[in-house]
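Dropping a structure here in structure tokens format, bear with me for questions.
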Amino acid sequence: MLKIGLLGCGRIGQVHARSIGQIEGAVVTAVSDAFTAPAEALAARTKATVMTSEELIASADVDAVVIGTPTDTHYDLIHLAAAADKAIFCEKPVDMSADRIRDCIAVVEKADVPFMTAFNRRFDPNFANVQARIEQGEIGEVEIVTIQSRDPSPPPVSYIKSSGGLFRDMMIHDLDMARFLLGEEPVSVYAVGSALVDPAIGEAGDVDTAAVTLTTASGKICQISNSRRATYGYDQRLEVHGSKGMLRAENMLENTVEVATDNGFRKAPAQHFFLERYEAAYRAEMAYFVDQIQAGKAHKPSITDGLRAQLLADAATRSLEAGTPIRL
Amino acid sequence: MLKIGLLGCGRIGQVHARSIGQIEGAVVTAVSDAFTAPAEALAARTKATVMTSEELIASADVDAVVIGTPTDTHYDLIHLAAAADKAIFCEKPVDMSADRIRDCIAVVEKADVPFMTAFNRRFDPNFANVQARIEQGEIGEVEIVTIQSRDPSPPPVSYIKSSGGLFRDMMIHDLDMARFLLGEEPVSVYAVGSALVDPAIGEAGDVDTAAVTLTTASGKICQISNSRRATYGYDQRLEVHGSKGMLRAENMLENTVEVATDNGFRKAPAQHFFLERYEAAYRAEMAYFVDQIQAGKAHKPSITDGLRAQLLADAATRSLEAGTPIRL
Amino acid sequence: MLKIGLLGCGRIGQVHARSIGQIEGAVVTAVSDAFTAPAEALAARTKATVMTSEELIASADVDAVVIGTPTDTHYDLIHLAAAADKAIFCEKPVDMSADRIRDCIAVVEKADVPFMTAFNRRFDPNFANVQARIEQGEIGEVEIVTIQSRDPSPPPVSYIKSSGGLFRDMMIHDLDMARFLLGEEPVSVYAVGSALVDPAIGEAGDVDTAAVTLTTASGKICQISNSRRATYGYDQRLEVHGSKGMLRAENMLENTVEVATDNGFRKAPAQHFFLERYEAAYRAEMAYFVDQIQAGKAHKPSITDGLRAQLLADAATRSLEAGTPIRL
Amino acid sequence: MLKIGLLGCGRIGQVHARSIGQIEGAVVTAVSDAFTAPAEALAARTKATVMTSEELIASADVDAVVIGTPTDTHYDLIHLAAAADKAIFCEKPVDMSADRIRDCIAVVEKADVPFMTAFNRRFDPNFANVQARIEQGEIGEVEIVTIQSRDPSPPPVSYIKSSGGLFRDMMIHDLDMARFLLGEEPVSVYAVGSALVDPAIGEAGDVDTAAVTLTTASGKICQISNSRRATYGYDQRLEVHGSKGMLRAENMLENTVEVATDNGFRKAPAQHFFLERYEAAYRAEMAYFVDQIQAGKAHKPSITDGLRAQLLADAATRSLEAGTPIRL
């Protein structure tokens, strides 16, 4: 039985607690949060003990930690957990600074502890299915990857200001997905973007509508587009065109019902809420985290995957500023 | 070059003239109609000669006749054309009376002239594809056939009165399709029906909403439903469930465009007008009529197919009246 | 907090336990089973107490019972639970005999205890959505209901023998669904059927391929077809045609991925396993059971709904034997 | 009756002849071709007169010319036809050189003759429907346009060498479509590309896999991707994301049939052949050409639209060479 300590009892911590509750070989033993109320609520639901983060990481009753605290705390918690020889599951981004992620990599590698970066979308049953079939050769060599990702509505401008910008906050998921599907590192990044959804986002120095083009050394191409607005739900689609065929993952709709009237044939909107849309992915990523530890196998996405996605997001940010492609 | 005489220059005669115009090995040489204007208009468009029906059938410039006149004239025209040794393409129904169709069969067989009953839907690219794949064994043994057929709107009650009723006028297409797909003759027919669309149809002694169940000797089942109303276009769907899988043909929509809004994902209505919906079928059936004559091969659907569909429609009509299944 | 006792710890009892675990206002306090092992396993998972069924029903620590035991035990358990003034959730069928269900109705009404018959499909998000939209008038008056229900593969013949036959065992779900969607009681039932999937099923006196036609007093029509075989998954579809439009619920596929090759565009099979396909329905029905008790409101489907579905299944069975429609 | 002379009797000339044959108010009166056989064959089918191109342009029996000859002859024919005061329908590209197109514009404007550039895809019923609905405001302000265009298989390398390259030969259709849908001129073009389909294409200095990003002054973004290979047919899709919703046009499949087996649900491939895929578009563009002349209205796409698409293709070609975006 793997004993897990939850660092952070907010929305994402609660999601992970629920996932762990459905895994036979794992249990939440300890929780911590900067605030008392959420920690106690989650402790009540999971029969776990409330601790400080330092106590939790040091506890003999904790084999692995799940880091779901604010991004700027990840660095210290990773250092502490690695020193305490705990397995680490860390929400993305590992850190806003690539250099600090490199520090974490050094610490984690030296401590030789299991580490998984939580790019949950790799565990979405649809996207995982696409990637597995690429690996099995079903569509031959990958040639063009197309990713469309649109949020139902923009976050408040206050959030935008501390988010690191669209490429680091939102597109980073798609940049990781691009690496996952291309099977090869991008060598160039070109970004365009504008503030079409909310002028205040533009005034805050960010964009809400953006597109990125990636290329690889062998000539594969990836096109990503993002918008902070989609009236029809949380739009999450991708397609991979290969030498032998094409694979695509469509949106998850709210239900399978279609109505036909003189206006035509209408289906439900896409699921709106990211926790609902990616519910299966959250469950699967936590099950995988536990399984790999128990099997003594390395995790993917690794901490290095976390770094590489961050470097792509940094490059996209610079490309947008410079108006030219960035070579990696 | 097969020389074709058109008997009847109404809507369906014009459709067949257009189809013949696209066939390399056939030409319209003569046209006739009870009214002067449509005959002359079609003659002008096709460079054909206007004749009386007797002249046309007797003409040395006519190898084959296409009968597109009112149903009650079919019987005499078939007799004349068979006597004149012309190939015959006849619109459905061959006749409203099964006994009179049997007379026609005798005459056609004695004259040994090619004869094709115009069940155009067998030539629809979608339905023909389903049937061909059944024959190739793609879904194993046929077990359940489901046919849904709904008109956009009911005809005028005046038409209903002379139509022979829904089963002979509308469902006869589906009954022929059932035979086409079952690959085995029905042995029982059970019909239910009501007038839900227009009470005047009920007052005229007919139904506008109906369902039929057919069974075959080996235990195959077919369910058909009809409505004289469909707000979303001309609804024409079928599906065949077999031991190894299922084949289904979906509606033809007006276009492939989908709009996504907060109401969901909406596609265009089904094509409304039967001449548009079955345009490809009309072209294909006439090409087949010409091809089979030129190859010296028999036609399917034959005049006997015309009889069998009529017998099923008669049985459905009796079943509805009696409230019990009819054994054939 | 509603305290629930589980009578029966088999597959369906475990499903209900899991559902209750996700409901804020309910808890499993006691479990019972004819066998020790499943009772203890479920008690361990839920922290509930193992009791005999008599103890459980009598326990002050139980407000409501969930009956998931074999059908022939329902009658006695319902009598005991009603006498003990417990709310009752009972798996379908309530009993194989309509007369015995009528006894249960009398007992439940006299005791005035809440009672819900577990027709879980009414709580499937897709089917529930269809019914809600019918009620809201979105497609006007219902005219034709079409239900297609096909199992991935037939049960063992040993099961068939004690099942009551396809209409009582399998189609009963569709018969209840027909009532749910028609909004009006059927007045005639006509059934056809054959053993096409497994001859041994025919030898055991049952069918594995069947179709039923229902009509209502106002002329509404329902067509149902069932097969014990579907290579492409658990096929569960329905459509409702009304005066203003059509609503249909399509299958739940295993994922949203589509592959395109020279063979065309291919999507995943339908979900195969009924517990997976109806997972959301099971959760929703239990939440509804609890909610209605807490709100002091009556449940639908009621015990009378259980009786009516059984009467339709009985009528279909007789219709198949007699070869004629049965009037109700 | 508009009298049309066909310059060029090859494949595309024959398509236009067939379209004109279906237009009430137009007739083919003269045809010319560098080769005798195709000219005589088309003359026989249309009852038109064979002429030299000079005779045809000068003929009093010709009101309008349809230029379907090789690209390098367009320039001279446009000059002759403008001088002869004939309406002009010209296949794309007007010319391979932007400067020579500018010459043509000057001549056409001076002569004040009707001129239409044959970007047939604007007349595809699906794409035209998308654009019309954008204009009607159905999705609000356009924000992101995504165009995917893939040929079933690459042309021979011999063709590639004289084609002007992928951007001028293939993507030019998508670049015109981008302008059509964006409703605003692009101000930057960034292209990437590689030879993944056929190394010989790379050796010939061209690419067969490419992606372009366009931006407009107001911040709209367009992503286009092209491949010279698609195993599943002629892949022609586009989508437009706006402030109020999204419109997308899906592929035209060979038929509507779906087969379900243990491999899942499979539909037909996309139509393979461009003449079949765009048959309706060819008919509609010719009908529009005739209609606008008869109504005395200007044509869109105009000769200037032809120039602008060419300038975008030139810019994409330069961007690929330079590895940087090109500002327009």
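Order as written gives the chain letters A, B, C and D; numbering starts at 1 within each chain.
Convention: contacts are C-beta pairs under 8 Å (C-beta built on N, C-alpha and C of every residue); 3 or more make two chains touch, one makes a residue touch a chain.
If you're wondering where the values come from, they're calculated on a predicted model, not measured in any experiment.
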B-D compared against C-D, more contacting pairs: B-D
Taking each chain's C-alpha mean as its centre, the one farthest from chain D: C
Chain B-chain D separation of Cα centroids, rounded to whole Å: 39
Euclidean distance of C-alpha centroids - chain C vs chain D, Å: 57
Overlap residues in chain C, where contacts from two or more other chains coincide: 230-232, 244-246, 254, 260-262, 268
Parts of chain B lying in touch with chain D, wherever the complex brings them together: 125-126, 129-130, 133, 138-139, 244-252, 254-262, 268
Chain A - residues contacting chain D, complex: 141, 143-144, 146, 148, 150, 188, 190, 192-197, 209-211, 213, 215, 218-221, 223, 225, 227, 229-232, 235, 241, 243-246, 323-325
Contact set on chain D toward chain C in their complex: 230-232, 253-254, 260-270
